[in-house]
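The two complexes that follow have chain A in common; it is paired with chain B in the first and with chain C in the second.
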Partner chain A sequence: MAKEKLRRTVMYAAGNNPGLLQNADIYGADSVIFDVEDSVSVMEKDSARDLVYHAIKNLQYSCEIGVRINHISTPWGYDDLECLLAAKPDYIRLPKGETGDEIRDIDNIITKAEKEYGYEPGSIQIMVSVETPKGLRNAYEIASASPRMMALAIGGEDFSASLKTEKTKGNAITAGRELFVARSMIVFAAREAGIQAIDSVFSDIRDEETLRNEVQLVKELGFDGKSCVNPRQIDIIHEVFTPSEKEIHYAHRVLGVFEEAQTKKSGVIALDGKMIDMPMVIRAQRVLALATAAGVYRKEEA
Partner chain B sequence: MKNAAGREIPVSIQGYKEVKPYAGPFATQPDGRMAGPKLKAVFPGTEKVLKSIEEAIDASGLRDGMTISFHHGLRNGDYVMNMVISAIARRGIKNLTLAPSSFLDTNDELIPYFEQGVLIAAETSGLRNKLGRFLTLNQLSKPTVIRSHGGRVRAIECGELKIDVTFIAAPTCDTYGNINGVDGPAACGSMGYAMVDARMADTVVAITDNLVDHPVFPVSIPQYQVDYIVKVDSIGNPAGISSGALRVTTNPRDLHIAKMAAKVIERAGYFKPEFAMQLGAGAASVATGKYLRETMLREKIRARLAIGGIPGPFCDLLDEGLIGTLFDVQSFDLRAIESIRSNPKHREYECSFYANPWNKGAMVNQLDYVVLGATEVDTNFNVNVMTDSSGIMMGALGGHPDASAGAKCTIIVAPLLRGRLPMVTDAVQTISTPGETVDVIVTDRGIAVNPNRADLLENLKNSGLPIMSIEALKEKAYALGGKPEKIEYSDDIMGVVEYRDGTVLDVIRRPIL
Partner chain C sequence: MSKLVRTAQAGTMESTDILVVLAPAEAGAGIQVELVSPTMRQHGSHIKQLIAKTLQAAGIADAVVHATEKGAMDCTIEARIKTAIKRASNE
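Now for the complex of A and B:
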C-alpha cells in the first residue's frame, strides 16, 4: 500500500500564470500539476519553465506537486526535465505515453538528477497519461516500466480525438461511452501493475451535474481520482470519492465481525444476515484506509 | 497623545474641531439635544418646481462658506453631484464644504473645483480614484473628515456637521416634492442615505429626471421636507447605478474564502434559528451568502433579519424564505431594486435606523454576524479599508465600523496576499475599524480568532477549519511576500478618521512619494 497516497483530485495549474502557481495549494486538491505543456504557448515555453522552477524551489507547498513536461519527442521535453528536476518536484507527469522505453529513458534521467542533486534515490515519481490507442495497447508495459510509476492517467479529449470521435457528455447512463473501453483498460493495467488510475478532466466548469455523474462513473470503474482544471470542481470530486458516513459505518462493522470471527476462529461470518467473504473484508479495509487518508475517519471513532 | 487604538493623535488639528481621542467602541455617552433644520413654512399655492439648477441654487440662498451635500445611492451612475457643482461654480460661489454620504469613481471631475477654491473641504465616508489621490496629496484649508455611515448621521444630528443645502438625486419626484427611488429611468432602490439629508438640511433641492403628478407612491422622502424641485434630462446612467444583477463571483480564491467564512458562521455559536446577519458588498462577502444558503437549507435554519447594502443574492434568500425581513439602506443591483419595489418584506430604511451610534438602538445592534471585506488587517485585528499600500485614500468606511461594533461576531474576509503584498501586517496603514470590534479574520491560507474571544475559539476548535494565531498568519504572509517596507510620511494631516462616536480613531498623513 506504499503508493496508496490519496489522489482524489489532481489539479492543473498553468505554468505561465504566477497567480495560479502562488495559490495552487490553497484549494485542497490532493495533488497539483504545474503544466508547461498544453496550457503554455510555444512562445512562452522557456519562461513558463523558469517560473515553475522558481515556484517549486522557493515556495513551500502544502500538497504534492508534479510537473507536466512536454513529451520528450518535442523540442522542449528534455530541457523541461533538466530544468525542472533541479527544483525537485514530487513527480513528473508525461503526456501521451506510448511505450515503456520512454518511461525507462525518463527514469534514467531522473536517476541521474537524483544523484547529482543528492536527492533520496527513487523519491521522484512518474505519472503517465495515455492519449492514443498505441499507448492504451502498451498500458501495462508503461505502468510497469519503472518502480517510479505511481499512476496511469487517461487524456480523454486527446484519446477521443485519436479515435476520430469526440468526448461526449451523454447523460447519467451513457456518459462518455466513447471512453468506456479505454477507461477500463487503464484501470486494468494500473491495477495489474499495482499503481493508481486517474481519470481525465471534465472541462465545462459550469456543468456541475454532469461532472458529478462522470466522477460517479469513473469511481465505479475503479479510478482512484480525477484530474481537474478549476478549483471549483474539487469539492464535487472529493464528495464522490470520499466514503460516506454510511459506507464508513458499514465497513467498520464488517471489520468488527471479521476480527471477532478470527479470534473465535469461527468459519462462516455473517452481518445483518448476509455472508461476509474475503473481498468484502478487503473492500471494507480500503474504505477505511481512504476515509482515514481523507481525514473523515479516525480509528477510535464509530 | 496615543488613543485607545494605540495611534499617535495630535492634540489639535488645524481646521478640525476639538480633538477627542478614540477611547473604545462604547466609551462616549452623548449629552445635549438633537440639532435640526431651520423652521420654514410653505404656503398654499407656492410653486416648488423651478426651471434650472441655477435658479434652485439662487433660491436656496447658497452663499460662500456653506456646506452642501449629496447622496451616493446612484453610485457610479450619478450625474447630479458633478452637474450641480459645476453650476455652483458658474454662479461664482466659493469656499464650500462638500459633505456627500460618499464619493465614487465618477467624482474625479471635481478636482478642478477644489483647485479653484469653489470647494475647500470635504467630509465623506469614502474617496476613490484621482480625487482620493488629490485629497491625500494636496493640502486644503481643512483635513478631509472621514466618517462611517452611522458616524455621519450622528455628526449631522448632534450638529457637528451642519448641512446648509442638500441636492438630492431623485429617481422619481412629484410636483410637490414626494420622492422615491424605485421608479424612473435612474431607479436606485433604497433612498436610505438621502432620507437623512432631507430630514436634516436647512434647504432641500430635489433633482429629478422623472417628474410626475402629485402624489407619487410609495414615498421615501415626503413633500414637507423638500423646498425646490428641478427637472433635468438625466440624473444618472443606469449602467453605473447597477451593472445588472450582481453575480456571485467565479474567482476561486474568493469562493474558497467565502466557503470558510460560511463554515465559521455555522460553527461559531450564533447560527441558531432566527439569527440576524449582514454581508458586505465585496466579492467574498457576497459569495459567503451562497455557501451559507446551502448550510441554512441543510440545517433548516433561517435568519429573521438581514441588513446593510443589499445585493441580489440576498433577495433570493428572502424569496426562498431563508430570510424573514430585509432592511435596505442601499440597493446594490437591479435584482435588489426590483425586490424592494415589489416585496413588502424588503424594507427601505434610513441610515440612522441602520447604523447611528447615538440613537436609541440602530439595527446593527441586533446583528449576530457580519461578514466584511478589508484592504488589510493587523495583528491587533485592526482593519483598514481606507488607504492603499502607498498611504493614498482610495476606500470607504461605509458601514464597516458600525456593523462591526454592533455584531456579536464580526468576520473579516480578505486574501492573505494581494499580488505580492501581505494583507496581514504588524500595523495597518490606517485604522478604519478598531480591532476590539473584530472577531475573526478569514484568509485563503488560514483563519485567526481574536484572543479576546475565547468562546469563539472554543466553538471553532473542532470545525476542521485552519485556525491559527494572527501572528502565524502574518508570518505566513511575510514568508511569501516579504515584510512590507514602511511608508515615509510628512507631518501634514490630510484626513481625520473619526470613529462612529466622533472621536479620532486615526489620522491620515501625507505620504512622501
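Now for the complex of A and C:
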C-alpha cells in the first residue's frame, strides 16, 4: 500500500546544491523532492540534472526521494525525465499540472524507462502540483489519469498569483482564505481518486505561529501533509499531523467497543454516552494507522 | 564519444562542491589536471584520478582541467565533470 505511505512533510532540496542533496534525508522529512525546476536558474538546468542524477544513483537515502522536473511544455521537461528516470527516483513531481493528457504522456515515458532499465513496472509514482484554475478544474482528471498518481499537491504562491491575488497569512481564523476553495477542491479530487493531498509551502520560516495555524487548518481540511523548504519547519508540521496521545487513546477505545459490539452482534454502540457509528470507526482506524506509521503507537499498547 | 571544442565550466566555489574548467588539448597531450583542494594531501590523487577516469569514460583522451574542490563527494565531482564535458562539446 505505497499510496498510504506517511507523507506529513515533503521537503524541497535545490537540485544544484550538492550540500543540500547529500544531507537531504537527515532532517527527518517523510519525503524529499530534489528540485530542478524553480530553484534552478535557466543557465544551470543541465548541471542540476547531472548532479541530482548522480546523487540519487550513488547515495543511500533513508527516506523517499522524488524529483521535481520542469514542465514538459518547457525546453527542459523531457530531458529531465530522460536523465533522471535513469537514476530511479521514487516519484516524479510535475509542477503546474493542467490536464490528464500530460500525466498520461509522462506515464508512458516512465513505463518505457521502467522497461529499459529493468525496474519493477509501476514502481515510479507521480505527484502533481496544481497551480492554476485550469488545473483545479481538471483536478480529478489529473488525479485519476494514471495508477502511478499517488498525490495531488497545491502550489499556493502560483495559484494565488494566477487568481491575481496574493498568498496571505491571515490569522488563526482567516488563514490563507484566498486558497480555501482551491485547497478543499484538491482534497475532494484526491480523495475521489483515492490518493493523497499535500499542501503548499509556507515561506516565512521565522513565523512559526502562523505556520502551525496553517498546518492545523490544512489538516482539518483533510490534507495528508505539507510541503516545506526549510528543515526548521519539519518538527512543527509533524507535531500537528501526528495523532496526539489523547487521540490515540480515544481511537483505541472506539475500536475496542466496536469489536466488542461485533462479537456480541449488537447493533448500537455507545462510548462515554456518545453513539459510535461507522464514520467514527473509520476515523479511529485511520488515527491508529497514522500513529503506527509515525512510530508513536504499537498495537499491543494502550 | 565526446569531442571537446571549447572551454567550459561547471560547478561552484560553494562548500561540498567543485568548480571545474575544462578545455580541449592537442591530440596526444593526454589529460592534465590542475587541482586546488583543502584536502590535497589526503585526497588529491584520488580526485585527479576520478576526474581523468570520468573524462576517459566519455572517450576524451586529451584535455586540460582546472579544478577547485571544496569537499565535494565523488558523485558530485563526476556530475560536474560530465556537465562540463557536455558544455565543452557539441552535444
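In this text, the second predicted complex is superposed on the first by the 300 of 302 C-alpha atoms of A that agree within 3 Å, B and C clash if a C-alpha of one lies under 4 Å from a C-alpha of the other, contacts with A are read in each partner's own complex, and residues count from 1 in each chain.
We take it that contacts are C-beta pairs under 8 Å (C-beta built on N, C-alpha and C of every residue); 3 or more make two chains touch, one makes a residue touch a chain.
None of these values were measured; they are calculated from a predicted model.
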**Message:** Applying the document's definition of touching, compare chain B and chain C: which contacts more of chain A?
**Reply:** C
**Message:** Just checking: does A:17 make contact with chain B only, chain C only, both, or neither of them? Give me first, second, both or neither.
**Reply:** second
**Request:** Please work out whether A:104 is in contact with chain B alone, chain C alone, both, or neither, and reply first, second, both or neither.
**Result:** neither
**Request:** Report for A:59: first if it touches chain B alone, second if chain C alone, otherwise both or neither.
**Result:** both
**Request:** In the overlay, answer first, second, both or neither for which of chain B and chain C A:230 touches.
**Result:** first
**Asked** In the superposed arrangement, does A:47 touch chain B (first), chain C (second), both or neither?
**Response** second
**Request:** Name the contact category of A:177: first (chain B only), second (chain C only), both, or neither.
**Result:** neither
**Asked** Residues on chain A in contact with chain B in one complex and with chain C in the other?
**Response** 22, 59
**Item:** chain B residues within the chain A interface of the complex
**Value:** 250, 252-253, 255-256, 417, 444-445, 464, 479-480
**Prompt:** Which of the residues in chain A come into contact with chain C in the complex?
**Reply:** 16-19, 22, 46-47, 50-51, 53-55, 57-59
**Message:** Show me the residue ranges of chain C that touch chain A in the complex, using the header's touch definition.
**Reply:** 10-12, 14-17, 72-76, 78-80, 82-83, 86-87
**Interfacial residue positions of chain A with respect to chain B in the complex** = 22-23, 26-27, 59-60, 230-232, 295
